[in-house]
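Here's the structure we're looking at; comments come further down.
So that you can tell them apart, the chains are marked A, B, C and D in the order they are listed, and the count of residues begins at 1 in each.
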């Protein structure tokens, strides 16, 4: 029971979504699933959010290492819930959107979440540099190809590229670095991307079939005791 | 007389510091020492921050694809009619907005008659903002309807293009403010897009430059130039030079154009050039990254040599 | 005033929101040196506030807009009863808390897994496999409008086809990479390496713009240097 | 335009018409009417045909008509075609305005409950002329979309190949599967963590359970935790989605049971952090430098955070095994991680690790899929090249057929 019902559900639902592509009356069932999913996900949030509170309250109660920061997290979480649920600061009555201009919820987004988001994102500028320093070394043939391709593209995107190779006559202009960079992006890069994408789609088809047919069932537990 | 500006001093200081730092690191590298990633971080921070603070601009030499657009606008006789379409939204704006600004300025200073429009709903407010806040303040002498006109946004995507290719006023009976096109001097003698001497689309999504080429300028053989986001640029190259006379790709394309523009027009020597200003830090950072890749390889080969010996 | 772009946090430097935004920006950057209490505070705020942000957003978007207004619509519309299905599955999910009947939570899970498998199988098959194969079926020899052969484009086309085929050979699982087949796989890896190197180099610039944006905010909007 | 009036030989008639119309039109629209008067009368669009759109759920009707003969390329007086629909013989409503030159429209706003009739008009700036009304039509719902027969065929071939090898493997046919370096390294990576007495960190990407990569990641998690349970190492797994938390707990629990160590399992192994992409990353970064895991798995759907996580993991000296099916993020994993599962390998990983014949059989089936893809690529290239160069009919037809097959 505990195993077979879930396996049957997976099979039926999976097959339904596959054949729905060919059957007009149930064509939109995929979109309906999206709505279903978003509702289920909100319910699941009670588990996730509950876990968040549990973990941090636990730390605060036990006064374990770094409990002060847990306090900050919990206060932030509840503050956001209250501000949002009661739409504090939102102009007009309760029917206005929670993200309306001037609502505290929106202000929190603009002045707290937004700068945090964009700064975390901006860390990439540094990591891109340290990763290329470490990874782009001519250790073997593959690594050398990687290095050369990356270097040409990098060079092609600065004035240096034109400065170094601008002298090459127009009839051989493909060897000017900026043009070479465009060629690499359009030919070998495109080919590699396509091979990866075709491979991925076949991988997805095979894995989906394994899941639907119940051959792959790790997500339900490895054996029959569960 | 040699007069150094604030930016020049900044550039010299920055270059000296970076060069000295890299030299020092190279020396350590030759001894076979690995570099802490935080040193790389400092270099990246410095090479981005310093050009921003000192407003350093590198003069970009315009590549042929960009230069051809500049030359086209520069060489058209005064009073030529140019159509510029802003086909982008705020998300794409950082990359392509600089192009819109500099193209607008260039067309106006040459005394051309410029028509602005947009195929994107979200382009409408950007269009107004760019024209009123960036372009017009420098041209108090220019008159609406005689020197320029804003048609605003028109819904219908490619449909709009198919119509204006043969009949402009059918799609735009009135301008942005409801004034009939027939009463606007710029539109005297304009029947379709073919009556423009140059059409420029700035954007990167759909509808955008590609649709302009396919539906309007290619069938009627109208001179066409495009400005696109960097990721789209490779898709535009197949159209060059037969179907489009030039392409500006990403901030770099904008910077090349700005460089050409401020170099030739004394009046705009000190204008704000968002393209060049973003390119400054990017160029330095790219150069620093490439330097580190080279240093990394030097360290690697040193080590391998040592290991081979022992 | 900002040097390059107009952003959301557009206010005078005296503003308290602006001050916080700048402080959080610096706090996140401090992680680059090493982990420290300031970063920990930023992290704690980020986690708490953003979890609350999403909880509220999900609540209003999914439960209120999609579910509640769906089953209890405004006058004139007929209610979508099937949405209850999502709510019931969501409720079953919550049974996870119980030790005794927690296993029922697997039903909604298997529903999701089945649906995702079915949906993605078709989606990937069409958009990745079929479309990419179709795009590669092109003439190798490229002609100019006067019927002369464009050698460079022809070479580019040849490279694309070669790259796709050898790239796919690399992904073969059930055949040993030996002999001619091995050579094919080897060439395939080279194409993949070019792809990775080129894509890496190509993204460096956009990553730098993120940092430029942040520094522009710090120096321009906040400190008002220009 | 106004000058053209004078050129007419039948100027008198037009003048008469002009005066007549002038009288009938009120003074309110006088200006507009003056413009319209200079436009000659236009012919209506004709032969409007409303047919049920085939192979749909009865929610569309296709309309086609012959454009007005005045719809010409030069000096076209027509501004738009307007489509009117009347449902169940009620008052017609305007449903669409189309640019000149149009002759087709798909009306998606219908249902099988009503019957509809249509008319189309051609209009100039001031003048509109209607076509005949069509017969009443009720859209039909079909059960099967025959337009997708080739897609169905392709799906059947690929799925058939995969299932054939699953079945033949089940019957005991030996199958060879080449080594995948990233997966071979798992045992060693887990062992290393055990030796060093440090935990293992598992990150399943930042997408929810409705992304197939997350599911692939959880199937791999099931295999890896089995090994972890056997070695008795510690695993911790911060996640960005509540559903993934629940599913991952189920998976890990089951693996611990399978390894006969159910007591070692605890819910604390998996924790929900936040749905916010970079909030999650901020926390995971902090966790990495504080907990110093010896091994980090980054398997699933990753976006811009891929490199932030991988570089931080690298800075603490962890062995990193990564994998994603998002082509844009692969370069970063290749650069910063020790082993990377590239696209398809991510989906094959669980089957590979299981070592079960049926699972391995499906990998063989996948290879058949790749062989078919290669075959069609080469065939298509051949057909297209020959057809472009010499215009041989056989190859032209072949190319047409292939294009239809892949449309």
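Note that in this section a residue touches a chain if its C-beta (ideal position, glycine included) is under 8 Å from a C-beta of that chain, and two chains touch if they have at least 3 such contacts.
Just so it is clear, the structure is predicted and the values come from calculations on it, not from any experiment.
Visitor: Average the CA atoms of each chain to get its centre, and name the chain whose centre is farthest from that of chain D.
Guide: B
Visitor: Any chance you could check whether A-C or B-C wins on number of contacting C-beta pairs?
Guide: A-C
Visitor: Quick one: chain A and chain C, Cα centre-to-centre, how many Å?
Guide: From the centre of chain A to the centre of chain C is 4 Å.
Visitor: Report the inter-chain centroid distance for chain A and chain B in whole angstrom, where each centroid is the mean of the CA atoms.
Guide: Each chain's C-alpha centroid was found; their separation is 30 Å.
Visitor: Taking the mean of the C-alpha atoms as each chain's centre, how many Å separate chain C from chain D?
Guide: Between these chains, centre-to-centre, one finds 14 Å.
Visitor: Scan chain C for residues touching two or more other chains and write them down.
Guide: 28, 31-32, 40, 42-43, 46-47, 49-51, 53-54, 58, 93, 96, 106, 109, 112-113, 115, 117, 120, 122, 124-125, 129, 133, 136, 161, 164, 168, 171, 192, 195-197, 199-200, 203-205, 208, 211, 213, in rising order.
Visitor: Please list all residues of chain B that touch 2 or more other chains.
Guide: 37, 41, 44, 48, 282, 285-286, 289
Visitor: Multi-chain contacts in chain D: which residues touch at least two other chains?
Guide: Answer for chain D, listing residues that touch two or more other chains: 151, 155, 158, 209-210, 212, 215, 243, 246-247, 250, 273-274, 276, 278-279, 282, 311, 327, 330, 332, 334-335, 342-345, 348, 363, 366, 369-370, 373.
Visitor: Show me the residue ranges of chain B that touch chain D in the complex, using the header's touch definition.
Guide: 37, 156, 159, 162-163, 166-167, 170, 173
Visitor: Provide the residue numbers of chain C that touch chain B in the complex, in ascending order.
Guide: Listed in rising order, the residues of chain C that touch chain B are 3-5, 32-33, 145, 204-206, 208-209, 211-213, 215-216, 219, 225-226.
Visitor: With touch defined as at the start, can you tell me which chain B residues reach chain A in the complex?
Guide: It comes out as residues 35, 37, 40-41, 43-45, 48, 58, 60-61, 63, 233-234, 237, 252, 282-283, 285-290, 292-293, 295-297, 300-301.
Visitor: Of all residues in chain C, which touch chain A in the complex?
Guide: Residues 8-9, 17-18, 20-22, 24-25, 28-29, 31-32, 40-63, 66-67, 70, 82-83, 85-87, 89-91, 93-94, 96-97, 103, 106-115, 117-122, 124-125, 127-129, 132-133, 135-136, 152, 156, 159-164, 166-168, 170-171, 188-205, 207-208, 210-211, 213-214, 217 of chain C touch chain A in their complex.
Visitor: Would you mind writing out the residues of chain D in touch with chain A in their complex?
Guide: Spelled out, the residues of chain D in touch with chain A are 55-58, 141-145, 148, 151-152, 155, 158-159, 162-163, 166, 208-210, 212, 215-216, 218-219, 221-223, 226, 241-243, 245-247, 250-251, 253-255, 257-258, 268, 271-274, 276-279, 281-282, 304, 307-308, 310-311, 314, 325, 327, 330, 332, 334-336, 342-348, 350-351, 356, 358-359, 362-363, 365-366, 369-370, 373.
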